[in-house]
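Each structure below is given as structure tokens.
First chain A sits with chain B, and in the next complex the same chain sits with chain C.
Right after this comes the complex of A and B.
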């Protein structure tokens, strides 16, 4: 690459970074602004920071348990979807059976209907079995759409692993289960990591199902934020504080699996 | 130990008949080569023996014991794959040690075994590397080491040399031959390359359309092919085959007339290898005149593509006649003891 191109690429990168990061900078600033500064009609860049919003919303208003709820829900959804979806994806990648591609497509169709059309029947179902306003209901609801994501992504990763690896593992003395758990899963780890991140983020950010299915104790962070829109005005400082805290686990989680994520997202994921 | 395929058939889900009642039996210590064109069922036979595919019919036996339905891990066989199939996330050492680890060998023994087999294949210096840091030849050595480290009864190889370049293929071939002689392990080797088959195999099983055509030593297969198919499949260039008929003890095909005393009359296919035809400088009583079409020098030999009317054939002779030009007359002798006769309908060789 020539020097000019390099500079152009760098400039483009900076533009993208600015566009991507400005909201976060703004969010963080809002979370440490006083109410007056936050609502100033000319944006204030220099101000005396205040950290009153964080203890106020998390301790006084009891938003801390919501962090816990969100973590439990997103974590369980991720584990559950992977536990069911990864073996399923393997079968789609390796085995031939009648109606395979139709069934595979069916997984995709579960995501075609707009969520709002499914959420009312889902609410009724959960209320029949007495699960409304429990974390379990949100976990199950989120798993329905994450499962299709896992199956679709992981099939591509398994198809990237040569079939001979399965066979070599069996010749090396593994049972079929041993082959899957001891040989294939470690090889598919980058793909699993990438899929896990997406699962986690999708569930963590999800608003509609969580809003309809839970009302009190089991509220997740996303559902909690609208509670700060009060008859006396929106508490922007507290909203921003919650949003900042809501962003942190995603950042931490993504950095943890970053090594795998880059590889995972660049090969395999587009196949299917 | 005796390994036997008994009327083994394999039909794939899409209806392809890959093996059609294969009968094959060989002994421990042999280097058996399964040779055939693509679609002949050679790879399927190998995979059935490994247990990676289930037979549709028939039995596979080892020492009279039915192993047809045993999973691969209970068969005491290992396999080398065409694309090496090394575990990319493990070091070379761990790749080789893996079959021992899975079989729960004691750690100390694993280490000495891996060292030993690495020495045998001259790959000690690679043990710490990852598979992607290996060249094709190195990767295949590692795969062979992994297959031999636990001393299986049979080592199966499915076209293991096909991904290597020409020079490396020759080296590795010699290496495999040496390994077989040193270890005495039974090898079953699948290939479509007749040269590999002829040099490696103690016996060669020639397959066609899922059936065994001939199972014999390279020498027998070359000199006494069981059928026209084998004759035309083995040898470069292949055996000349001429469709014709015998009348009154003379084989006739177009303008060619060759005395074949004592042969039954009727339609027949005559076969002779290019190098068995003798090229003479001047016509003799026992020579036939052919017209040279194209001379090809393949030092130290030359291939003479010649024709006599409708009949075309290839002669392999020493490259000591540079004066030969297109259109020259060739005086060819067909020694009677070199001639093969095949049935024109079934292709089977007539004694």
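Right after this comes the complex of A and C.
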């Protein structure tokens, strides 16, 4: 490529990055602006920062428990989905049995199932057994899509491990279960870590299930944020403060799993 | 010792079913159960808002009503189709362009890519709020600059205008998901073998010819995958639009998922709501089957 072309390409990339990042930067600036600056007629880019919104919304308005709820839900969902899903993925990768691929397709449909369709009957069934407005209800709902994510993603990671390793382990006298726990799991550990992070993000970011299933005590952060938006006078500083707290851990995590992101988000169909 | 060995052998046989059973069980209970219940509900008149409608069997009345007497459902269907085709095609064109750009940008690729991922990793609710803040009618940052540039008249609010609002919502979706398309197409481009391309250029092929006759055909399976994945996701879209407009003004942005939410959790018309939910499920299942076939196609009919 010629020099001029290269400069043009670089310029285009810079424009793209500005478009991609400005909304988030603006959100962050809003979270540390005074009310006057945030509502100014002309957008204010330079201002004296204030950190009053953060304590106000998390301590005075009681948004801190929601952070806790989100952490508990996303954490439990991740552990549950991995504990149940990783052994299942191993079976898909190594065993042969009739109807295997059909069962695998069933797992895919559960991952893709539209939340709005699942949550309608789920809400009714959960209310019959008294689960509505508990963290358990959200944990169960989120494990549906995360479990199949684990199975789909981990099958690929297990298939990447050469079969000779299984054979060698069996020669060493390991039982199948022993081989799985002592030999294969350690090898698949990076894949498990990436899957765990993705599970956590998906549960942490989820909105619709949580919106329907919990109303008061067990609200997660994503459900709590829209509660601050009212038709008459939204406190945008506080909204932005909560949104920033809700997104910062995700951004950190994104950097951690970037390498495996393509695989996770395409159900293993594309290995990034 | 020999007893232990026999026990071990027995356990070996049981590992498969034992390892698989919990996940199948959990999904059957949590998804198949509600699914069946939804189908049952769709044949009843259950409603939490009207007296006397406590789940009487209706036969196919709900389906007849949906097919014949509910123009709002079909308008919502049209809105959803517009949304899906609009965003997926736009994200495709932009994503392909961006991926090609990054493909040639070797030095800063990783850094740029990481930053580009941020929009799609944020919670969709946050994305909706961010854009609501920027598009706000009185003090919104984007609204202000558009007005200052003379592109928007002072009376119009972008999210309050009947004709504009669907396009604005689609634009936000394009902002959020173009990075995903870029990421996957770039992964595809990087996995292509280099030799045929070098040979073609040596033979004097023009860049456009190389793109049309080599890049696109070689990438076709991956392109199909991205299109389907994005299509399914866009069809299910709820969070952002719910926050940005709630389906309004009127029902200008009432996607199927928002329509279904309204019937169920605003009107509490649960029997009819289940019918609508079932329709959404059906479309996704069909798309899902196509997606699965596409994976097989890519793997050449082998292991998915």
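The working rule: the second predicted complex is superposed on the first by the 225 of 272 C-alpha atoms of A that agree within 3 Å, B and C clash if a C-alpha of one lies under 4 Å from a C-alpha of the other, contacts with A are read in each partner's own complex, and residues count from 1 in each chain.
Following the convention adopted for this analysis, contacts are C-beta pairs under 8 Å (C-beta built on N, C-alpha and C of every residue); 3 or more make two chains touch, one makes a residue touch a chain.
Note that the structure is a prediction, hence the values are computed from the model and not measured.
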With both complexes overlaid on chain A, does A:215 touch chain B (first), chain C (second), both or neither?
neither
Just to be sure I read the superposition right, which of the two partners does A:175 touch: chain B = first, chain C = second, or both, or neither?
both
Tell me the contact category for A:248 with respect to chain B and chain C: first, second, both or neither.
neither
Going by the contact rule set out at the top, does A:114 touch chain B (first), chain C (second), both, or neither?
second
If you stack the two complexes on chain A, which partner ends up touching A:18: first (chain B), second (chain C), both, or neither?
neither
Should A:39 be classified as contacting the first partner (chain B), the second (chain C), both, or neither?
second
Once the two complexes are aligned on chain A, which partner has more residues of chain A within touching range, chain B or chain C?
C
Where chain A meets both chain C and chain B, residue numbers
175-176
Contact residues on chain C for chain A in the complex?
8, 11-12, 15-16, 18-20, 22-24, 26-27, 30-31, 33-35, 37-38, 41, 98, 101-102, 104-105, 108, 112-119, 121-127, 129-134, 138-139, 141, 144-145, 175, 179-180, 183-184, 187-188, 191, 222, 225-226, 229, 232, 235-236, 238-239, 242-243, 257, 260-261, 264-265, 270, 273-274, 277-278, 280-281, 284-285, 287-289, 291-292, 295, 298, 303-304
Using the touch definition from the top, list the residues of chain B that touch chain A in their complex.
13, 50-52, 71-73, 77-79, 81-83, 85-89, 98-99, 102-103, 146-147, 150
Tell me, which parts of chain A touch chain B in their complex?
96, 162, 164-165, 167-168, 170-176, 178, 182-183, 186-187, 189
Chain C partner, complex, touching residues on chain A are 1, 9-10, 12-13, 16-17, 19-21, 23-24, 26-27, 30, 38-43, 84-85, 87-88, 90-92, 95, 97, 101, 103-110, 112-118, 120-122, 124-125, 140-141, 143-144, 147-148, 151, 159, 175-177, 180, 201, 204-208, 212, 222, 225-226, 229, 236, 239-240, 243, 246-247, 250-251, 253-255, 258, 261-262, 265-267, 269-272
